[in-house]
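Shared chain: chain A. Partners: chain B in the first complex, chain C in the second.
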Partner chain A sequence: MVKEIERAGIPVVHMCTVVPISLTVGANRIVPTVAIPHPLGNPALAPQEEKQLRRRLVQRALVALQTEVEGQVVFEK
Partner chain B sequence: MTRKIRVVHYLNQFFGQIGGEDKAGMRPMDKAGHVGPGMAFASALGDQAEIVGTVICGDTYFGENMETATAEVVDLIVKYEPDLVIAGPAFNAGRYGTACGAVCAAVAEKLQIPVVTGMYRENPGVDMFRKRIHIVETEGSAAGMRRAVPKMAKLALKLAKGEPTDSAADGYLTRGIRKNYFAEERGSARAVEMLVRKLGEQEFATEYPMPQFDRVDPNPAIRDMSKAKIALVTSGGIVPKGNPDHIESSSASKYGKYDLEGVDALTAESHQTAHGGYDPVYANESPDRVLPVDVMRDLEREGSIGELYRYYYATVGNGTSVANAKKYAAAIAKELVEAEVQGVILTST
Partner chain C sequence: MRLELGKIRIKDVQFGSETRVGQGVLYVDRAAVEGIVGEDERIASVSVELARPGEEVRITPVKDVIEPRVKVAGPGGVFPGMVSKVDTVGEGRTHVLAGAAVVTTGKIVGFQEGIIDMTGPGAEYTPFSRLNNVVLVCEPVAGLPQHEHEAAIRMAGLKVAAYLGEAGRDVEPDEVDAYECLPLLAQAAAYPDLPKVVYVYMLQSQGLMHDTYVYGVDAKRSLPTLIYPTEVMDGAIVSGNCVSACDKNTTYHHQNSPVIHDLLARHGRDFNFIGVVITNENVTLADKERSSNYTAKLVEMMGADGAIVSEEGFGNPDADLIMNCTKLEKKGIRTVLVTDEYAGQDGASQSLADANPLADAVVTAGNANEVITLPPMKKVIGHPEAANVIAGGWDGSLAADGSIAAEIQVITGCTNELGFSHLSAREI
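So, the complex of A and B:
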């Protein structure tokens, strides 16, 4: 799915937990997430902290969209 | 009588008879003898081999901790001093296929013994590991178990005995290894023969299939995020409560487009997941954990992004064929282009 969106000319960031799959599929901008059943959350945290975590991950995705890349890049930080 | 070939079998929590998605977080464990589909393998392997142990690991645990999980599984396998390791088959289960491939590749490398797994051609584990291990091509679902087991067992025995194998005859996916042999006819004669068949619209088999690369170059970065319209798309199956479009929990036949007008956050009352390939408890409790609408609204209000596109798109990426996923995404992308969306965040589970 990421590839088709990229092919249409829109920059896309893939937020997912199993990064090797994303790399195999061919996503260019990748942000690793928390866990398969809750990529953008962590039920072990208090709601406010959980939202903070989600915010940091989404902000990282926005940074990825604002970063020029050649080929695949995993945005770890 | 010669010693029986010692086999260890790798299974996920489901085929290992531990439980469904609620047990997918389990760490690796081992059991003596065969478990679940191991029984069919035991009978297909016959007198020449014995399944001495089975190692079971949860798919989610494996997917989230690939390196540690691989090492833990290999440690459990080593205990049984195997001559051969069989994993799966994983059919079209992505996490399971990735796990089977990673376990086999690690065993082949560390123990230098033959390994065999089975997967559907589109399983992401295929492209990740086909060059390093033998992957028997299976059907897309466990309904193909009966046909997969004898093929895998036969190939496994051949490899264990050091007999020559052939991808077409033994039903495994080509590994990209070229073998030299003496052909009856010289190259030019074979080429002409092939061309004549092709022109006659008859079937012909190439001797050198071209590798298929399907890579898309990254688009330029977004210059001014504070003015950009950003859309959310997910393969994690987040849909309005009640799943109005009846998107299937696996092998989705469609995608949905849903309005976010006036929606500040997703809640257990407003949205849910339709995805059947992961434990839905956390996503149902708080769908923002998969589709971060709450945070996107905050960032929109604060001016970090220009605007969150009014609609989001969702499908279920669970056993969904690559052809369908491509088709849905192409249709979604077309609409996003028309709506002048400048960037997409795609979340996957």
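So, the complex of A and C:
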């Protein structure tokens, strides 16, 4: 999916937990997420903290989307 | 640590007025088994069924398969930390009702696989069609949470296997095999001229229906650690794990791991099998990094020249597999990986979700996406309607006549990554 959308000329951010797989399949902008069963959430957190976590991840992805990259980049922060 | 496994060959299973073994027949006191399962107040009802090789019977969805055993000498009891006290096992003598099994079934979640056909084409794909199975169909009390339901069925199977195993306590085994494993330094010194090999045993540990227990400990909560091969043979590791069923290790697999048996068979001749590292497959990247770092470090500390690494499951565990491989290889420890493939129904897609050039010696247990049609059976034990909503099935998989068209990943143990199956390849 990531590669096909990029092939059409649209940049993609791949938000995923298992970064090595994303690197293997060839995503260029990668944002690491929380866990495989809940990539964009964390049931261990209080609702307000979890919302902040989700907001941080989405904002990181938006920054990644606007960042020029040469090859594969993992956006750790 | 020296363990003797005394095998009592079971050729048939029948209901009887008392549970006993006579002339190779396991007689099962049905009411006693129902009573053991019924002790758990989470289980509302249980029915006990028998399924023998060649019968027109389908069992689905299978939760676990367990070999009945009894500890007759040496410390501990069967399934330590689960059924027996948490003593260290792996030495002494254990009697095995070889050819018999307890099979548990129960529909716990929406997507749940696991088919054992006792005859027909499906039977060729699962080793459990060749066993005399005592099947427990357990129904939970209303409103029981899924985790509790899973635990209740898991314990029911283990308890009944322990109960049936008791019938072999005073029976003279048909054969006795002995296995001896030494402490690490002594083992390493035993064959100084042979390459030292460690087995890295990956245990699925991703949550409900994907968990494994070691002496009662949920494997996801443990760092990688060492275990004697004979402890594994003696029931230290049990399964809580059945989706997708083709490449999950049932408790029976752990009890009879061919990787361990084959390593021991060639130990002292072709190589020096110095020990087993168990590790997990967790759901966060940090866990995967930590566990694979720790695994590679332990294998290095043991002084190994090479490692066999077996995976359990597929998809993201492929990342654990490749991490274990690359981190070992970078320490100069050569690896052979044992896995299966999800290469698409036509076999043309990439087989694993992750890959690396250092993974240059890989054994496959087969392509789980291959499609098979399982003909209708006269009798279905369990919940056949699950076939429409299982991984590897599709809406309409279950036909009106009772036949099932699905990928072989629905069949319990079909592409088992310990090599415990009958699939093989032929060059054409």
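List of remarks:
Definition applied: the second predicted complex is superposed on the first by the 77 of 77 C-alpha atoms of A that agree within 3 Å, B and C clash if a C-alpha of one lies under 4 Å from a C-alpha of the other, contacts with A are read in each partner's own complex, and residues count from 1 in each chain.
Following the convention adopted for this analysis, a residue touches a chain if its C-beta (ideal position, glycine included) is under 8 Å from a C-beta of that chain, and two chains touch if they have at least 3 such contacts.
A quick note: this is a predicted structure, and the numbers were derived from the prediction, not measured.
After superposition on chain A, the partners chain B and chain C collide with one another.
Of the two partner chains placed by superposition, only chain B is touched by A:67; chain C is not. Look at A:24: by the touch rule set out above, it reaches both chain B and chain C.
In the overlay built on the shared chain, the residue A:77 is in contact with neither chain B nor chain C. When the two complexes are overlaid on their common chain A, residue A:32 makes contact with chain C while staying clear of chain B. More residues of chain A are in touch with B than with the other of chain B and chain C. Judged by the document's definition of touching, chain A residues 17-18, 20-21, 24-25, 35-37 lie at the interface with chain B and also at the interface with chain C.
Across the complex, chain A is touched by residues 21, 24, 60, 63-64, 66, 94-95, 98, 124, 127-128, 214-223, 225, 228, 230, 233, 235-236, 278-283, 285-286, 288-292, 294-296, 298-299, 304-305, 315, 317, 325-326, 328-330, 332-334, 336-337, 341-349 of chain B. The part of chain A that touches chain C in the complex is made up of residues 17-21, 24-25, 32, 34-37. Residues 1-18, 20-22, 24-26, 28-29, 33, 35-41, 43, 50-51, 54-55, 57-59, 61-62, 65-71 of chain A are the ones touching chain B in the complex. By the touch criterion stated above, chain C contacts chain A in their complex at residues 206-207, 283-285, 288, 316, 318-319, 322-323, 353-356.
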